[in-house]
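You will see chain A twice below: alongside chain B first, and alongside chain C after that.
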Partner chain A sequence: MQKIFNLACGSFYALGAYVGVSAVSWYTSAGGPAALFVLPLALAGLAVGAIGFVVERGLLRFVYDRDETFQLLLTFAVVLMMEDAIRLTWGTSPQSTSALYLTYGQVRVLGATAPVYNLIVIAASLVIALLIGGLLTRTTFGRIIRAAADNREMVEALGVDLRRVYARVFTLGTALGTLGGALVIPATAAMSEMGIELIVEAFAVVVIGGLGSMRGAFVGALVVGVLRAIAISVYPELEMLLIYLIVIAVLVLRPRGLFGGAAA
Partner chain B sequence: MTARLVLGAAVVAVALAPLVAPTYHVLLMLPFMAYAVVLLGLNLLFGYAGLLSFGHALFIGIGAYAGAFLTGPLKVRSLEVILLAAGGLGALVAAPVAALCVRYVKIYFGMLTLAFGMVFYTFVLKFYRLTGGDEGLPFLRPALLGWSLEAMPKTDYLVGPYYYYSLAVLSVAALCMWRIVHSPFGLCLKTIRDNPAKAESLGIDVTRYRWLAFMLSAVYAAVGGALLGPPTGNVDPTLLYWTHSGNIVFMTLLGGFASFFGPVLGAFVFIYLQNWVMSVVPYWRLVFGAILAALVILAPGGLMGLAARRRRPGRLSGA
Partner chain C sequence: MITTRRYFVKLVGGAAVAAGAGLDAGPTRAQAAPVKLGVLAIRAGIAAPVGTAGLRGTEWWLERVNKAGGILGRPVQLVVEEESNPKDTVERYRKLVLQDKVEAVLGGISTGVTLALGPVAEDLGTPWLSWDGTTQKGVDETMPSPKWAFKSVDNEVEAIVAGILTPKYFKGIKTVAGIGNDYSYGHDCWESYQAVLKRYIPDVKFVLELFPKLGVTDFTSHIAAIQQAKPDLLMCSFWSGDATILMKQAAAVGLFKTMKGVFTTAGGVHDSLKKEFTPEGLLLGYNTMYFDDPNGSALLKRFVREYKAKYNEYPPYECDHAYFNAESYRVAVEKAAGGGTTWPSRAAVVKALEGIEVESLSGRRSWREDHVQMCNFYQGLTTHKNPYDFVTLSPLEVVSTRTAMKPAGAKLFDWINSWKI
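Moving on to the complex of A and B:
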């Protein structure tokens, strides 16, 4: 929406994951009931999204009126800093809360066994997607965001303080990234490389779906997830290769993505 | 005139370094010279044609792996042949990649190059039998100008013959690039960067010129990549990872993309600064991220831009 290609979103995701691990281990050592561990996890994920505000106000706002390539470089700088900041704080060994993964047990869905936690995350992501959709289409704030994406000068001329809007949008985006990182943690382990790896996947999702399209991002994520699953079971060597080839195909054939609007 | 004196002094200093400087610092010069070749090419694309590639590690990787294959399974040891083959292979891979990428500019171009870079990264990582997977391949010691220098101790080889060989390659590469950017072709590229619509209306085939610039920069990156192999003696997939592409862009920006020698200076400062910071704290990325952020915000013209601003106060540098 802001037309920023944020290389650092993967780093935010990793940060959310680490903070999630810390929050949960603190929660269990404080003696909280295991069944409610999702709550501190999600809260920590959301709270650490505040880093987005710092990054936006401290760095990104200086380069809005410059060439986009400088924004790209600035977010790359954030990637470098975050990777080491995470190593400095949590060390280099992977951190996990795997013991809690199966707290909610498993259920059989369509003949396959799935941990209930996965279903909770799927439900949560659907709810978040709907909320964001509602925010963008049904609230004044959402209309301002969309208008700003189309024509910055006009929005400012109409008396909207875009600096505040940008700070909020970026913080919101970051918070969603850190929340995502926190939620994935019970199923896997937090590693300092996860952010750098995620960025290329997230990038694939956004390109396939179409930049600036929320519906597209959702569909893109589905496409990438399903294709990866298929590729792993059929021919593992092709797993990520296939995704990048699709990204290239999409960029070449439909540069605006499957759901991209006319403006880009 | 001052610029020529500085350049001359720098060349003399680099040429004399193995005689006076400690071996350790001389060894650090080897990756510097390899990266300098890469960056001369990258800057043709970024500084002169205005296209920021986030996937040039791809071509470094191609050059390095080409060298590893030739010295290993194919038993070709001549470094001249290796460099030619690396450049040729780089061009071969770049031809279709460039044709697709130059249809876009700005951020789309950067994203597409990043995607291509990652395609090759995953290819190298996953096809273990061919590429050694994440362990990489050994890069055996190449013969220079037909001399097999197998018997020499490794350090003597690197600070002696190999050092001067790299310096010669860098000098030839710099001279060629100097000719290229000062030719009508180079001027056309600058026109395209500053005003593509006007360039088009003047009869310049914009897409074709961008494609050519991409090809040249890929060949330079592949040759530089091949030079990176012998000092470490092996190649691995991190050479192709996207953060490596980011690092070489960082070097370009650090030195200053608006000047011809800026990126070369950037490579030098980057390598020595990285080495120094790593000897003080293990977290060099934290420091470098902060430096990069400060550069982008405060001094987008890089070190050369700062020097130019000093000489001509009041005039804005770079970009």
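Moving on to the complex of A and C:
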């Protein structure tokens, strides 16, 4: 909606991961029951999303009308700064939540063993997707967001304070990123460069799904995730190549992505 | 304004000269100008913990040496620069030698970088002692007889050690899967491990090989593929946080309940391999230093104690490479000085380094005549019977590079195939 290319979304993800690790270790050392560790994890992930407000009001609002190159440079600068800030705060060693990942045990699903925590994350993602969908289609705020994405001037002419909308949308987006980072961390470990890793895949997802489309992002993410998993099982050498082949195919055959609007 | 600043600079300069003259009074001080050593350490990215460990090992050495009066009476100073990509690191190396005028450069971890540093070190005529980087292209040496460059053990040694130990500890292995990072180290380790294992178990089948790129943090799909291939054993050459992640995600689906595991290099992140998700009975490699070695020297025990007190971690192997480099340089300088106090020429130091043996953290280590490190490799089966919250080794196997590293000038696979088993 803000028509801004934000490279820093990966850094928000990384930040959420690190803050999640810290919150959980604080929670465990304070004697909190292991079974409820997702609560402090998710809360910390959401709370640190507030940094989105600072970044939007402090930096991004100055470049909305500038050339996209400036936006890329600015957000890339944020990526580098966040990476160093993370290293300064948490050090260079990977941080992890130890064995909490295994707290919920495993289940057999269709003949395969799956960690219950993974299922919790999948369920949480679906709930978040539904909530966002509901917000966009069923609330006044959502209608304003969609309208602003279509035609900023008209929305402003109708008396909407776009600055406030931008700040809220960006903070919401950031909070989703940091929450995502926090939720993924029990299954893996936080590393300072994880943000950059993510951004490459995120761009593939967005290109496949279509810029500016929520449904596109959802389907694009599924396509990328599932195809990678299949490639690893069937022909591992293809894993990364396959994603880029699809990206190229989409760019050539359907440049606006699977669900992208005509203008994107 | 300008006059004032000039005046100020003069004043400060004058004061410094006066102070210096005061300090330098007397002939005993003539030798006491500090000796500068350059250090190249990775500070960012996936190998940052390794670079940090190397730097900490060097700093610990520095403190001890300076407390004992320095080298030939000269205090030692470190000039630390960052190891990053080959191009920038070569620039920093040149800066260390040409601008900072260091006597020698220590450090270098990534073979991608040190492959480029080797020729530069030769060109600039200053000793360079590499912590963990080789000048190998794949498993082939590119600089068989260097003058100034001193290199790490060959990259594939730990995979060879693991290959030798696998048939000893795991009987009846018929099928093996491998996972490693998608760059030279991962591929070379896998090739070498296969070559060695085939010598011991001629009919062994390698059913799957996976090479995720460095920095991947989700191995769920890889683990599913490994489960599907149903190997008797999984070999993994991860050495950073990815080893911990793989271990945790494997535990979440009970992978090692159905197969054996060999982690050639995961000792690099040993204290993150928590008991909750790291099973007993995996073959685990600690590279060249095992912090909990029951036969460890007083030096090792003291280092481990002080490292833990200072950083709240248990030291990984890179500390030992770094300590050995610095210590071998000190001993070589004193050897080249022949008991005198005159600082020897760089060429004389290099001569003294060749074949020198010194006490490092892990025990006695030496430089082979062709400038390659010689040392012991520590591997063994993981155990939970220890006071820590992570796994350690029991039984512990100590294998020398004399057994597990190709001799100078040999071709790796010809050498492996020439073994009498």
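Criterion: the second predicted complex is superposed on the first by the 263 of 264 C-alpha atoms of A that agree within 3 Å, B and C clash if a C-alpha of one lies under 4 Å from a C-alpha of the other, contacts with A are read in each partner's own complex, and residues count from 1 in each chain.
The rule we apply is simple: contacts are C-beta pairs under 8 Å (C-beta built on N, C-alpha and C of every residue); 3 or more make two chains touch, one makes a residue touch a chain.
Quick caveat, the model's predicted, so the values are computed rather than measured.
Colleague: Once chain A of both complexes is superposed, is A:Asp65 in touch with chain B (first), chain C (second), both, or neither?
Modeller: After superposing on A, A:Asp65 lies clear of both chain B and chain C.
Colleague: Give one of first, second, both or neither to describe whether A:Met81 is in contact with chain B, with chain C, with both, or with none.
Modeller: Touch partner of A:Met81: chain B, not chain C.
Colleague: Which of the two, chain B or chain C, is in touch with more residues of chain A?
Modeller: Residues of chain A touched, chain B against chain C: more for B.
Colleague: Determine, under the contact definition given at the top, whether A:Pro94 touches first (chain B), second (chain C), both, or neither.
Modeller: second
Colleague: So, does A:Val200 touch the first partner chain B, the second partner chain C, both, or neither?
Modeller: Only chain B is touched by A:Val200; chain C is not.
Colleague: Just checking: does A:Glu153 make contact with chain B only, chain C only, both, or neither of them? Give me first, second, both or neither.
Modeller: The answer is neither, since A:Glu153 touches no partner chain.
Colleague: Following superposition on chain A, which residues of chain A contact chain B and also contact chain C?
Modeller: On chain A, the overlap between the chain B and chain C contacts is residues 83, 87, 236-237, 239-240.
Colleague: Spell out the residues on chain A that touch chain B in their complex, using ranges where they run on.
Modeller: For this pair, the touching residues of chain A are 5, 7, 59, 62-63, 66-70, 72-74, 76-85, 87-88, 196, 199-200, 203-204, 207, 236-241, 244-245, 247-248, 251-252, 255.
Colleague: What does chain A use to touch chain C in their complex?
Modeller: Going by the criterion above, the answer is residues 83, 87, 92-94, 96, 98-99, 101-102, 106, 112-115, 117-118, 184, 187-189, 191-194, 197, 228-229, 232-233, 236-237, 239-240.
Colleague: Which bits of chain B are touching chain A when the two form their complex?
Modeller: 52, 54, 100, 103-104, 106-108, 110-112, 114-116, 118-119, 122-123, 126-127, 242-243, 246, 249-250, 253, 283-286, 288-290, 292-293, 296-297, 300, 319
Colleague: So in the complex, which bits of chain C are touching chain A?
Modeller: That would be residues 43-46, 48-49, 51-52, 208-213, 215-218, 220-222, 224-225, 227-228, 240-241, 244-245, 248-249, 251-254, 269, 272, 274, 276-277, 313 of chain C.
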